[in-house]
Every structure is written in C-alpha cells, then in structure tokens.
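Okay, so chain A shows up in both of these, paired with chain B first and chain C after.
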Partner chain A sequence: MLASLEAMALVLVAGAWRGSLAAADGKSQKAPETVEVSIIDDVFTLQWNGSQESVGNVTYSADYATSEMDNWIKLPGCQHITGSKCDFFPLINFYEEIKFRVRAEEENSTSSWYYVDPFIPFQKARLGPPEVRLEAEDKAVIIYLFRPGKRDGTSIWDMDALSFEFSLVFWENSSHGEEQEIKTNFYISKMYDLSTETTYCLKAKARLSWKVSAYSPVYCINTTAEHKLLPPENVTFGARNQSYVLTWEYRDVNVTFRAQWLHAFSKLTPWDNSNEWKQIPNCENVRTTYCVFPQSVFQKKEYYFRVQASDGNDTSFWSKEKAVQTEMYSTILPPVVSMKSTNDSLHVFVKAPKKQFDTFTYEIILWENASHTERKLVSKRSDIIIPGLKPLTPYCIKARVLLQDKWNKTSVFSAVVCEKTKPGAAASIPWVIPVIVILLLAVIAFCVMKLLWKCFNYVFFPVFKPPCSIEHFSEQPFGNLLLSTSEEQTEKCFIIENTQSVIIVEEPEETDEDYRKYSSQSSQDSGNYSNEDESLGNQISEALLQLKPQALSCPGELVLGLSSLGLHSS
Partner chain B sequence: KENARLLISMSYPFPLRCLKDIKGFGLPQNILSYSWPVERNIKEAFYEISMQAFSIFSRHSPISIWKEEFLAQIKSGLSEQKEHLKRCLEEEKKQSKNMQVIQQSKLALRRYFQRIENYLKDKKYSYCAWKIVAVEIKRCFSYFLKFTELLRENQVSF
Partner chain C sequence: MASRCILQIALLLSFTTSLSLSYDLLQLQQQQRSSNSACLKLLRQVKGKPEHCQQDRMDFKFPEEIKQPRPFQKEMAALVIQEMLQNIFVIIRKEFSTTVWNKTIVDDLLDKLHQQMDRLKSTILQERPEDTNMTTLRLKSYYWRISRYLTARENSICAWTVVQAELISKFPIINSLTDYFQD
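The block that comes next holds the complex of A and B.
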C-alpha cells in the first residue's frame, strides 16, 4: 500500500512540478526522492535526493512514527532542512519498527510525503570502531576499551554492552611483523611481559554477533623505565583443610604484601572496575609470601586475585591477575553416617554436614567386617535400607559426597561405622508360621484321607488282602527298585504275581506314576546313559520288550511286569 | 534454576504499598513458536534473558534494596549462566553458518527488557520499581523454565 501511495505521490508531484511551482495549492512541491536512513552507532542519518534544480528556499522536514505510536511526530533535528540530509537521534525503543516520511516545503506550499519503508533500527544499525585508551607500566600496558555509541544510557548499543567482543592487534612499534592478535570481551585488558621504555601500538575493532566494525585508529604508548620494586610473581591458589591459600613468589624479603580479589563478573561490565577490587581479610601488610583465609569468605564462584609488594616508601605494580573458580578448590565436608540394624537389613542414614551444594549424591561403601569384599551404593537419598544381609554379622560402612560438577569432585570418606545385624530367627517368624500351618493341614488331610480309604476298602474289599507284602512293596520306591537287585525282591515278585488284582485296586495311581517314571528312564536307554549304567540299561530295554503286550491290558499287569524286571535284573 | 531460586528470594517479601505501581511488561510468551529450531531458540532466549537480567542488576546496582552480597550472588549466577550459554551457542554457530538473521525471539525479548529499563528510569529507580522488576524477571525465568520442562516432557526435538 505504501508503495502505491508513494507512486501516486510521485505522479502527483511530477505533474505539479511540470505545471506551476508558484501555485500555492499545497501540492506544488516536488517530493524528495529515494529517501534513505542509515544508522551508524547512535547517529541516524536521513538522506534524500531533492529537486535537481534548487529553486528558492525549498526546505525539507521529516516525521516519524513507531509501532507503539498512533500519530506521526515531527522528527527533531530534521525540520526545515535546506540540504539533502539530516542527522537525528530519536528517543525510541530501538527494537520496535519505525517509519519515516519526508516532504519538501517552500513558504506555504508543501509536497506530498515520501514514505520510507518501516524497519527495526537495531537491525539496520551498523557498528563504528571502538575507542581505546592506553596506560603504561614498566613492563605492561593496560588497554581500556570503550564500546562505540553514546554512553549516557540512551545508546542503541546499551543492551548489547555485555555482548561486545573486541579484536585487538598489538605490536611493538620498532619491530615489524610481530603482531599479536587478541580476542576479548573484557573492557579492560592488560598486556604483560613487555620491555621497558619501548613503544607499543594497538588497533581494535568491535564485533556484535555478525556486525563488525572497522578498525579504530592506531594508538601507541611508551612503557616506563623499570620500577624499582617488582611486582610479586606466580600467584597460585590452593586449599588446605577448610581454608584457601594464596601464594606468590618474591625475591626481596624486606617487603610487605597485600592481596585483593574481584568478582569475575565485574570484568564483563563496561565500567572501570578498578575500585571494585576488595581486600582479602588477613592479607594486608603481610610479610609472608602466602595468605590463608577461610573458605567461607568466598562463594563458589569465579574470582580474580592480585598481589602487590610494598617496602614502606614505594609500592610495586600489581601482579598478574589470577583467575580462580573457587568451587574447584573448595573442600567438601564428608557426610555423617549412622545406621540401625534390623535383622537381615541395615538402615543407613547419611547426612551432609550442611547445605553445601544443590546437586550431589552419596556414595556408600559396605563390607562385612571379616571380609574385604566391598559393595558400592550410590544414592540421592539420605536414608537407605540395604536388604539381604546375613544375620548376626558385623557390617561396616563409610560414605562420601559425590558432586556432579565439572570436576566431579568428592569429599573424603566419613568415619567408618560398624553394626551387627540382628539374629535371623526374628526375621524368619513371619514366613515360618504359614509353613507350619500348611504342614499341619497336610498331615491332617492325609490322616482323614487314610481313614476314609480304610472305610472304603473295608466296604468294598473285605479282609482277604494280604496287607504285609503290599506294604513292603509300596515302601520300595521304584527308582531304588530299578537299581537295587536284591534276592528278597525276587521273592516278592512271585507273591505279587499271584495277587495282581489286589494290587491294581490298592495303589493304582502310584503304579501308574511309577510307570511313567520308568518309561522316561527307559527312553533314555537310546544312548543317554553312562557306561556304568550300560548293562542295566540293556536289561531294562529287554524287560520292557517282554512287558509290552501285558502292559496294554491293565496297570496291574504292569506292576507285575515291573516286579518281574526286578527278577530279570538279578 | 539456582538463579530462579535467587530471584524468587529477591522478590519476597513483596511490599503491599508497591501494588499500585505494578505494570504489565508484556512478557513475549509466544516467541518460541517462531520458525527456529526449538532447542536453539530456547538457548538463545535464556542467553538473552540472563544477559539482560545481569545487565539490569549490574548497571544500577540497587544496593539500597538488596544486600551487596546477595546481589553479587545473583550477578555471579547470571553471568556464569550467560557465559556458559554463550560458549554453547558459539559451538553450534560453528556448525551452522546461516545465522545472519536476528531472531524474532531476540528482538521480542529486547523490546521486553527495554520496557523494563524504561519503567525503572521513569520511576527513578525507586524501591517499588525495583521490587516489581525483580518479580517480573523472576516471572520471565519461571516462564521459560516451565516451557522448557513442558517441551522435555513432550520430547519436542529436545
């Protein structure tokens, strides 16, 4: 729609232009053409092609509107401009769409508006080079960088203050080709290990995502003559017991030291952080080349440390800064362990001494006091039940805290705690009772059955049974029968042959079952038996062959056959 | 999450007398539905939020309202998170080169934080204004944490 409007405006204006300029009908001016907005840092520039032939006192004015506004607003700095461009700086939200319109004016007559396509200023804005300030020490140069754009809190880059990246090119002026390239997102950096009284130069460019600035002009500085008092060297950080230890090296003995710290995040901000350095407690005017301070002074975050020497009259420059993640060094206190035995399990309680970390687990090592085989358990819970232990056995445990951080740190192990498990009897009571009950019931059921059986037999098969031999027979399990081949059994066989009908009735199920046992055994004859059993196996097969016709008739005959097998085996 | 916890403790107790100053900042709730890959979009969003929240707290250092130590803790947390996410994103950027467009989500979040910033300025960084801003930033974090959790549960390419 805008495009068509513009086209219309152009046609109108063209017509008007060809007609009469003097006509004061409000549309007699030629509208500006090809209006463009460019943004470099906080300088917005509106540029247009005015009328080719400059006639009289033609001026240009622009309006703007953002998506948050309903009306057009006169653009400050771009009213009644005689040239073909104007600079301005709108106090707007740079992430909202903005649109412009421009027109030509002369006395009472105005042209139609030329509308600029709406855009988001932040997306359009280009990056200018950063500013640099250098400061020299005897063997170091401090580089202060300033992001492009205004610094009064209204800049288009204000919200990017923390996303700037700088590329620095640093070189010694006299030497050629030895350029150092440094990438940093700190606004203050320091070049160390330089020569005294030498000229060093630097240029820098800024980068914001893919927006890259041009290089700044070259800045140069001379390092000073060597300072009498040297700064401490090789600053290191460590932990001892529950304290941190900062150590450094220094040759001279007649000096005192002081050490300072800085939050690492202070380096990210664009402001001078030199007054944000803080004194480490117990580390002022010390004569030792180390300082010990409690871990509680620092959170588990990143810090910078620096040390300075002083001999009363003079102080050295600061040492190189040491970046430290205190979390890496902090001592993790071991958990406190206690346990309670309950028959075959142990109830273990572990507790980290205080809330040291958010995410951690306990590692628990359990072993039988007498042996050395250890069981390892890892748990997030602080009370753990370890089941399945031997009763009346002393068990020992120790535990430590495992952190799930970058360094997979652990605490030392807690003190060992031992405890004897309770006797197993107590534990067995619950399941022994039902077993006893079942057994009792089984016995009762058996007796009742037997009684009923007796009655049954009494009614249907009165006295003529010779019970003693049958009892003998039934006492003899068939497995044994097959293997043992005593003379006595041979005799029994004959007796059974005579009384087969009785046997059938007496123990029909048992014989049937044993037949199955037998046949399964016989089926193994085809080759599964061992050498020892070979002869026996053959005998069984033979016996089976003889038995088969009889077996078809009735189970009683089968029993007979089996008995006769005993005879054959002998 | 640690940061969210800190922000929660930062916004309590909320003084009743500040209720009248409450303002809607228009948290951009649908920014993650833009056509970018969800996972990357969330990382970008968290990076932006951490950075802007850190920026707000360190630019003005409202030490009259919260203890310096507490502020340091929250600033550390936010800056560490920001740096961590920055490394993540840079690693990913190396793999895909077509990052030449500013994401809509980033712009939406910028607009949102600009509104917060303007609000603070308008209210002359008053006690109530800070309290409200703290609640708002906490709300913003909780919203995106919740969103991420929901995404994880639904396993939308996360």
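The block that comes next holds the complex of A and C.
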C-alpha cells in the first residue's frame, strides 16, 4: 500500500512537472492556419482555421499594424475569440498598406503568430449592394440611391463618391411586366409615364471602376391614385435678348406656378440634395405659363428646371425636369476683326469681345471689294494669315463665332473691315519651299559646271606649251634660280623633290582642298623619272596636270622646276 | 551646306504638321489652364485668418512622383488630373461649412471642377480602362489625409485655411501636367 501511494505521488509529481514544463514552454499551441481577410464595404472580416490538434478552450487574438505606425495594435473586437472569425471596422487610411497577425491561446500558453501578407484595403475591398429608397407619385416613381458603405463620413468609399455608376432594373410587377435596364451616375432618378395604382419593382447594383456589387434586394412600391392637380407639361427653355424664358403648358387657368432650378452636378453627389432645388427669382406664384429671368443669374453651364402648379389648397407633383445647357441658348456676341496687309497676303486678327466660352471657332468670309465672290475660311486660331491673294487689291473681311460643340450656334457677323494688299512679287509661304529647292539645284549645277569647265580646260586647253617655256627660260636671269623665295614670283609655285613627289610651296588662293589631296595622291604615281625624253614629257605633262590653270601663269617658276628636273634626270 | 538646309526644311515641315494635328489637345490644354486659374481665384476666397493658424500646419505627403517632372503619357497625365479634380470636389462638397465659405462661391467652384472633369472624360479619357494604379492610390491617400484632418478639426476656419493653402499649392502641378497633353 505504501508502494502504491508512493507510486501515485510519483505520478502526480511527474504530471505536475510535465504541466509546469508545458507552461514554461508557452508554445505548445499550434498557430492558426489559413488566415484570410475579406473586406466588403467598410466591414473587415478575419477568418482562420484552428489547427487540428487544438482541443478545448482555444481562443484567438489578432493584432494589426499600418505602415504609418511601428508597433502592433490589438484589434478591437478580435481579442480572445472562440470562433473562427471576427468582424472589425477600423478607422484607418484605406489606401495604405496594412498587415495582420493572429495567434491561438489557451489558458497561459499562446501559439506563435501567423502573419498575413500585407495588402492595401482599398484594392482588396469588394462592393456591397447599394441601398434604394422609392417614393411614389401618381404616374412617376422617384428612385433615391445610396452608395454602398457607411454614410457618416468614415467610409472606405467616401472619396469615390463621384465615380459610382448604378445599373437599375425596373419593371411592372404584373405578368407582362417587361424589364427596363437603366445605367445612371445620378443618385436621384425618376421614372415617368407610369400607370396609376400599379406596383412597380426595382433592383440595383453599383459599379466603381472594375468593382461590381451584387444586386440589391428587390424594392417594390405602389403608385398612388391620380392626383387632381396635374403637373405642368412640355417645359421648354429659350433665350430672348439678355434674358432666359421658361415656358410650359397647362390646361386649367386658375392656378399659380413656381419654378425651381438645380445645379447639374448636384445629381452626381450623394449628399442630401432633396432640398438643393432653389427658387428662380420672378418665378414664384406666377399666373402665366412662362417666366422671364435675366441671363446673369444662370452663368454656369448645366442646370435642371422644374415647375409646379398650385391652386391655393393643393399643389401638383413636379413637372418633368428639363435639362439645360445654357451654352446652347445664350447669345454669342460677334467678334472684332482687324487686318494687316503683307505683300500678297493678309494677316487677320479676330478677337472675341468677351471670353464667354472656351471652345471658339471663327468663320471668316473674304471677298474682293470689286467682285462679290466670297471665300469662306474656318479657323480656331485668332490670328490667321491668308496667302495667295492678288497684290494691290482691296479685300474685305467679316467674321463670326462658331460654337461647333454640339449645336451649330453662331454669333452675328462682325463689322466689315477692308484692306488693300501691298505690292510685291515676293513669294508667299507655300512658294518658299520650291524656291529654296531651285536655288539649291542651281548651286549644285553651278559647282558641277565649274568642275566640268576645269576638266575641259585641263584636257583641251592647257596654257602651258613646252616650246613657250623654253623661250621663257632664256629670258630669265640666272639669279632667279638662286633666289627661289622672291615674293613676287613665288605666289603659285612648286618644287620637285627627289623626282618622286611634287610639293606645293605656297598656299593656293582658292580653298580647294581637294586639289591638295589630289596632288599629294597623284604624286605617288609620278614614280621614277627616267632619262628618256618621252618619259620626261610624260612627267612634265603629269606635273602640269597637277597644277591649277593660274599656276601656269608663272612660266618662270615652271622653268625653275623644269631645270631641276632636267638637272636631276641628267 | 545644301543637305543641312534640306534637313532644316524637313524638320520645319514635320513640326508644323504635328502642330496642326494636335490642335484639339492644345485647346484642351488651354481650357484646363483657364479653368485652373478660375478655380484658384475662387479657392482664395475662403474666409480664412492665416495669421492665427500657424500651429495647425501639417504635411499631408503629396506623392513625390507627381511633383517631380517625369515623362507622362497624355492618358496618364489626364488620369492624374482627373483624380486630383475629383478629390478636390469631394473634399469641398463634403467638408465645407458656411462659416468659412460663401455658398455661391462653393457652387461656382464645384461647377468649374465638374465641367473640367466632364471635358477630360469626353476627350482624352474616353476609352479609359478604369483601373487604379499606385499613383492614383497614393493621390487618394493624400486627399484622404486632408479630409480626415478637416473632420478631426470640425471644419474650423484654421483647418480650412491650412487646407486652402495646400490645395492652392497643387494647382501649378495640374498646369504642368497639361504639358503632357501634347505627348
């Protein structure tokens, strides 16, 4: 019995040892496996698989760190989780890298960390479906769209508010209801021309660049019974003098109207713009089916207008919204034209009196004062050169502004300006190039001709004739042979040295470099002189060929060379 | 000498033809620049008190690769400009307070920004593949920091004064980016 007791004690102690060993180790837990982060809108979900070997009360904790901080932060909502996933809503910069780590814990022991690869939340996040709110009128349904994500200003999609695109599917909830598919960037849309007291349904999905959400749930609504007071119809917009005119149609007479306007860009932004419609001055409680207001009130580009009727007790629904681009209606003032004549072209300057719009084109009508044949020019530049005109002729010009964007709006023509072209036969711009080409060809031809002339002269009309030189030799005083460096006579001379090369002493007058090269090359050819007369003659003629024609004009010096030749050869 | 002359003529011809082909882009560039100066004028009208707001200054870390001149393709330049204009629009629309801004001026500014974005969308950015790259991501990060700064300081005058200076300082970059419209 004592032995068994001892044995039990031993086992207990051993067990305790092992237990304490395990506690001291701290890493007996296995780290979680396959940790994944998924993001849908603003909700981050961390999911993992616990390791197979863990049993019992294993909990998990997660930390996160962003690139802007150095240390790991405990992830709120993800500490000591017993399940295998947790949701959290971090308030971080969604466009910077973030990293996570997860570990398993049990009582006093923890596993090693499992590190998730860092990623950028904005890139990883997926779009949830948009939210829809419907509002019914008698023959229309207003669709209010809300982009996915939180709307308290801390959403991941906040900065992309303008870039959302919605795809709507709208249908009548009956057997023959055909689906209408609409794509829109607007956060508020309206479906018109519907039947009264009918059920209509809608589902929507959102798109942000390449991210597409799933369809939202289906929302349905019933249109109301027909409203007694009908809304105004056929709202039209026009311009008259310096004012805009909004007109509409209405059957009853005992009603007043009011008209409102909205900036076009308001429809693209998700903030509450139901009260962004503003009252048009002069258009409140009017009895006429039109109202006039100055153009200065609406100087931006794009607006929406709507009109409502009221009979004192009751108001109608709003009319269909009229989209207006004021550019289309506002009057364009004519430009101011001025001209300057240069030779046989005219330099025209067109100036718009006030910089109303940026996309101008000008239409210029040109005609000769005498005749009435008109020439039309279209230009985007404000100074134009018109070439190819007759000199000393009076020309007249008038111009107008063209808006070639979407509507062919024009201004009235400017005042007519006339100017006489100057005399002159100078070539106008398109003629310059052929003239330059001709000049170049002329230069080339001249050089070629000169070369041919030289060759011709060398070959057929050598100035040097052997008998003449001998005569000249007898005339020359002997002293010249010794004074070979006298200035007057050494202008174009040569010395034959070693009977094998011909070297030019003085710089020739012309900068004909090729000549120098030619002579030094051919000096190789002159080779060995022989005693024979024939060969001497050849040598002489060869030497002569290397001379310029002008060189032959100093026969005295030539004689010098010849004599040296003769001396050497003998 | 003759060959040099012909070369010069050839260069002049090609230059003038390329000038005429890209005229629409030149006009877009001019529009962008005039729109920029108009926006700048409006931005400057924030009712700020710069003398009292020195301690609120902050570095929002504008992406360096856009600040330094580096050859951009015209589509990339347009994308960067579009991203900047969009974010400026969102910040002003989201965070403006009537104590600091005159609503008419805000609407004016938003309208101009919207017009310019529309213009870019209908010209250079027509066939945009619409994928975010690192540069646009860093831009979004920069504007997010500005937006958070304003929210944290409850859109106070001082906060808006700092942000106004920051936004204004980046308009010259938009202008220089329009140079790349010519390719």
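To be clear about the criterion, the second predicted complex is superposed on the first by the 304 of 570 C-alpha atoms of A that agree within 3 Å, B and C clash if a C-alpha of one lies under 4 Å from a C-alpha of the other, contacts with A are read in each partner's own complex, and residues count from 1 in each chain.
In the analysis below, contacts are C-beta pairs under 8 Å (C-beta built on N, C-alpha and C of every residue); 3 or more make two chains touch, one makes a residue touch a chain.
In this text, all values refer to a predicted model and were calculated from it rather than measured experimentally.
Asks: Pick one for A:W210: touches chain B only (first), chain C only (second), both, or neither.
Replies: In the superposition, A:W210 contacts both chain B and chain C.
Asks: Based on the superposed arrangement, let me know which partner A:V443 touches: chain B (first), chain C (second), both, or neither?
Replies: second
Asks: Is A:T198 in contact with chain B, with chain C, with both, or with neither (first, second, both, neither)?
Replies: So A:T198 meets neither chain B nor chain C here.
Asks: Answer with first, second, both or neither: which of chain B and chain C does A:S243 touch in the superposed model?
Replies: neither
Asks: Go through the superposed model and pick first if A:F94 touches only chain B, second if only chain C, both, or neither.
Replies: Touch partners of A:F94: chain B and chain C.
Asks: If we overlay the two complexes on their shared chain A, which of chain B and chain C does A:Q123 touch? Say first, second, both or neither.
Replies: both
Asks: Comparing chain B against chain C, which has contacts with more of the residues in chain A?
Replies: Of chain B and chain C, the partner in contact with more residues of chain A is C.
Asks: Intersection of chain A residues contacting chain B with those contacting chain C?
Replies: 93-96, 120, 122-123, 153, 158-159, 161-163, 209-210, 263-265, 268-269, 301-302, 358
Asks: Which chain B residues qualify as touching chain A in the complex?
Replies: Of all residues in chain B, those touching chain A are 2, 51-52, 54-55, 58-59, 72-73, 75-80, 82, 99-100, 102, 107, 110-111, 113-115, 117-118, 121.
Asks: Along chain A, where are the residues that touch chain C in the complex?
Replies: For chain A paired with chain C, touching residues are 93-96, 120, 122-123, 153, 158-163, 209-210, 263-265, 268-269, 271, 300-302, 358-359, 380, 433, 436, 440, 443-444.
Asks: Using the touch definition up top, name the residues of chain C that touch chain A in the complex.
Replies: So the residues of chain C touching chain A come out as 2, 5-6, 9, 13, 23, 27, 30-31, 34, 86-87, 89-90, 93-94, 107-108, 110-111, 114-115, 117, 130-132, 137-138, 140-141, 143-145, 147-148, 151.
Asks: Chain B touches which residues of chain A in the complex?
Replies: The touching residues are 93-96, 120, 122-123, 153, 158-159, 161-163, 209-210, 263-265, 268-269, 299, 301-302, 358.
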